[in-house]
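In the two complexes below, subunit A is the common chain; its partner is subunit B in one and subunit C in the other.
Right after this comes the complex of A and B.
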């Protein structure tokens, strides 16, 4: 009798679990497709619209200022009558450029520092990692503001500021991976086969950490875009006439209080949707590298 | 001579795995080191292959005391000793095709030009067919991978071979084939061998002399 009950209790469990796994997989697939489509549309828009659409995003039309969305201006116009859709696309272009370049630079710095610390080990490792700890103890937005404040406003100071404050986590990830790879017998075999330190690092250790470093780079793109917006919003990043998502939101603050919602909403959506899409792609990638870790948005 | 004198080694200075070990391998000699699992024989093999710095003691390689280990050892000393590890899966870089795996020591020591010919010769010696050379480690069996690892160990014509439980993961026929390859190599070059293992029958048949762990290191 007992065994019958047991069998009845155990049997249905497997299909239920499988169905759950299947549903989760299809949700993942859907999220991956939606994310990929959004990223593709975003990249195509910022690459194709400026050369194909011969409209001046800076064209001022004071007679049409702060018009709500209409057929002529789908996103409405800003406080000097510029078309917001065009401004948003140009702004996204700048923000994406800052995000991608800053993320790549930060990843290169982080990978180099982390690989050097992990491969050298010993005193060099301790020294470098304590430096990383020290830098991590300073709020990175504050450090970024400090770096931006040293230059004239522009795109490159923002890139430098974001890149120089965001390599720390990559350095930690890469160092940890290198340390774990370094103790494998295949590294022993390479040492025994006469490989130099450099060759061991470049040929055996770095290729092993590249998936993690690449994932960190992709996850950093949205993060870097948010930083650009934060710096520009604070008035420290890009000059106000340069359209970036941060400057658009910043200059829309006044009209929001007067009830004009569109100059804030659309740049905000342009910031949130592509960053969520990039994070979704990175999440799918992370699941591929390590299915056990749940994806999360690193912001 | 490959001499280990009063070697104490481990991963924590307060609790060494190997205490006061003494072992000598003469040129051309095959010495089997027999010990139970976990006694520290792999650590001693790593020390003998200059891959692990002992806490105390001295290694003398062909009359020259060894001053540094791993990268601190001169390349001529490191490459004078060919090493074969117990687990071929862990001892092979998962990204390299078998041909690249075998050629790796040749490329690392600037013998890139002659690498292709040497790899073909080595593959033939250890019994790997050309189609296997294009595969990656996960696409071959443990035995095939261990053959590639042995070929890699022989690539630089080492004067000494250290085999750390080389055949522990393999079936009887592959074991016999690999032991034969090592013996043929030793017969043609006069290389010395330190074979570490727990299989008394195998070591007795393979080696000129088999020493039990208790006779080498203090307990």
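Right after this comes the complex of A and C.
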């Protein structure tokens, strides 16, 4: 489940068989629309529900504890009678925020390191990429667990541990892109015109890699959310009072063993849906850039 | 493939072993550096609640005895030299030497991962071939969509739902552990019974990746000249699919197995914890929860070594399967 963006590089070549003509176009358009709608609903829900809906997600109602899904509580209630739909929306908000901040941090680190390695070249490049290779030999979640265990507890250790384990693939992508841009005529022209190395990097190379880095960042958000929820589920992530989707699943374990499935099921679905939607959007985007390549789900 | 390039394989293995030395040095150094930069205090971890009532002198003496007053580079070097002698320190949470913890638990983790991976490879091959046989068909769409959804589902969530369904609702399988409650003798029947759920969930988490790769590999092979030639000669569809397309499509995928070790470790960390499986992955989580630094450092190093070994295995298999690959260049 933690395959990197660079895992695409080792994937077998794309198949040439596929649906043709109108049928293909309509399936793709449908997938794009559904994915875009799901992403929009997710973002709007986490932005608008908390300020607009006058309901308290922490409202405890012991008389209505562990009620199965009903019209009053579509997702049911948890072990102290809190509405699970509302809890899930708030949990998604926390998870999404952690995911976005961690993905942005990782992208900034990865772009800076990758661009520096590509622009400097030579020994510095070899040293940096060796370090990147070395760090990728430690499984992400394990490194994350280690960092969080040492710096616990709080939101920031989680963000930092996810960011520190995810910049490697971005660094590789950005470096490769910089290396290919470096040999283009406009860079030669800038160098012959007397531009400094710094100016060439910032004005000519970085703008060229930003689309790639941006796509990697968007794809990283679901992955970062997954990491956050895995850490929180293990009890090493966010404290229980800032409920994320991971802490919701973690705190539902007690009621699950008592036979109540709904406090576990729904937070998990809230993780799956945005992941699939983002993957669908990215697939459509990649197909537009490179129509011969069949899109793959990357997580 | 006329003969296996044993000599080249041996040379590649030796080269990788040499390469692993700096990698492990850097990783262990990083582990000690992160610990030194963190608020974690080995003295308090050692003394536990007793540290609360202890006076400053006692704490200082303890600090000196443990060697914590020295810079982390010196402690890293000490740890490294004694680790080479087989002494990995003492685990506070397990109350036994770290080497013993690993020795006792490594077998169970290996068993779990091996069974899960074998199941994922077998089932993934079947599903991948079924999907690739007729692209765009109902089977293909069903298998592909299911794979995408499973790939997006968190493995601990699947594990919890599996516990609910099989252990609580249907009551056919135990919810966790290695033995039934009240006994600690591991019998073969009991082991199989306790292994089914965790291995099944771990297999399901590895399944989507494998299915999609096989589907793509076999689908590509079905479009190639050897298959077209076989069909033109009038070879049956079954032989074409299993004898030609599967053989050439599956081999490159099989070689990628070694590079899946990080994902397997990630899955094992979560699955072993949900099912209280007494392996090293669940020990890692326990060590992290209790901030048991010696155990955590040793297990991080061990996992890194496993990843490197997996990468080596992938490259070796690749050289065996595809004679055009030059092992000297890897």
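Everything below uses one rule, namely that the second predicted complex is superposed on the first by the 272 of 299 C-alpha atoms of A that agree within 3 Å, B and C clash if a C-alpha of one lies under 4 Å from a C-alpha of the other, contacts with A are read in each partner's own complex, and residues count from 1 in each chain.
We adopt the following convention: a contact is a pair of C-beta atoms (placed from the backbone, for glycine too) under 8 Å apart; a residue touches a chain by one contact, two chains touch by 3 or more.
Note that the structure is a prediction, hence the values are computed from the model and not measured.
Look at A:148: by the touch rule set out above, it reaches subunit C but stays clear of subunit B.
Judged by the touch definition given at the top, the superposed model places A:249 against subunit C, while subunit B stays out of reach. In the superposition on chain A, A:235 makes contact with subunit C only, not with subunit B. Looking at the shared chain after the overlay, A:197 reaches subunit B, while subunit C stays out of its contact range. In the superposition on chain A, A:189 makes contact with subunit B only, while subunit C stays out of contact range. Applying the stated contact rule after C-alpha superposition, one finds that A:207 touches subunit B and leaves subunit C untouched. In the superposition on chain A, contact of A:257 is made with subunit C only, not with subunit B.
After superposition on the shared chain, subunit A has more residues touched by C, the comparison being subunit B against subunit C.
Within the complex formed with subunit A, the subunit B residues making contact are 46, 49-51, 70-71, 75, 78-79, 81-83, 85, 87, 90-93, 95, 104-105, 108-109, 149, 152-153, 155-156. If you check the complex, the residues on subunit C that touch subunit A are 22-23, 26-27, 30-31, 34-35, 38-40, 135-136, 148-149, 151-157, 160-161, 163-164, 168-169, 175, 205, 209, 212-213, 216-217, 219-220, 223, 252-253, 256, 259, 261-263, 265-267, 269-270, 273, 284-285, 287-289, 291, 296, 299-300, 303-304, 307-308, 311.
Residue ranges on subunit A touching subunit C, taken from their complex, read 1-3, 10-19, 131, 133-135, 137-143, 145-152, 222, 226, 229-230, 233-236, 249, 252-253, 256-257, 259, 261, 264-265, 267-268, 271-272, 275-276, 279, 296-297, 299.
Within the complex formed with subunit B, the subunit A residues making contact are 184-186, 188-197, 199-200, 203-204, 207-208.
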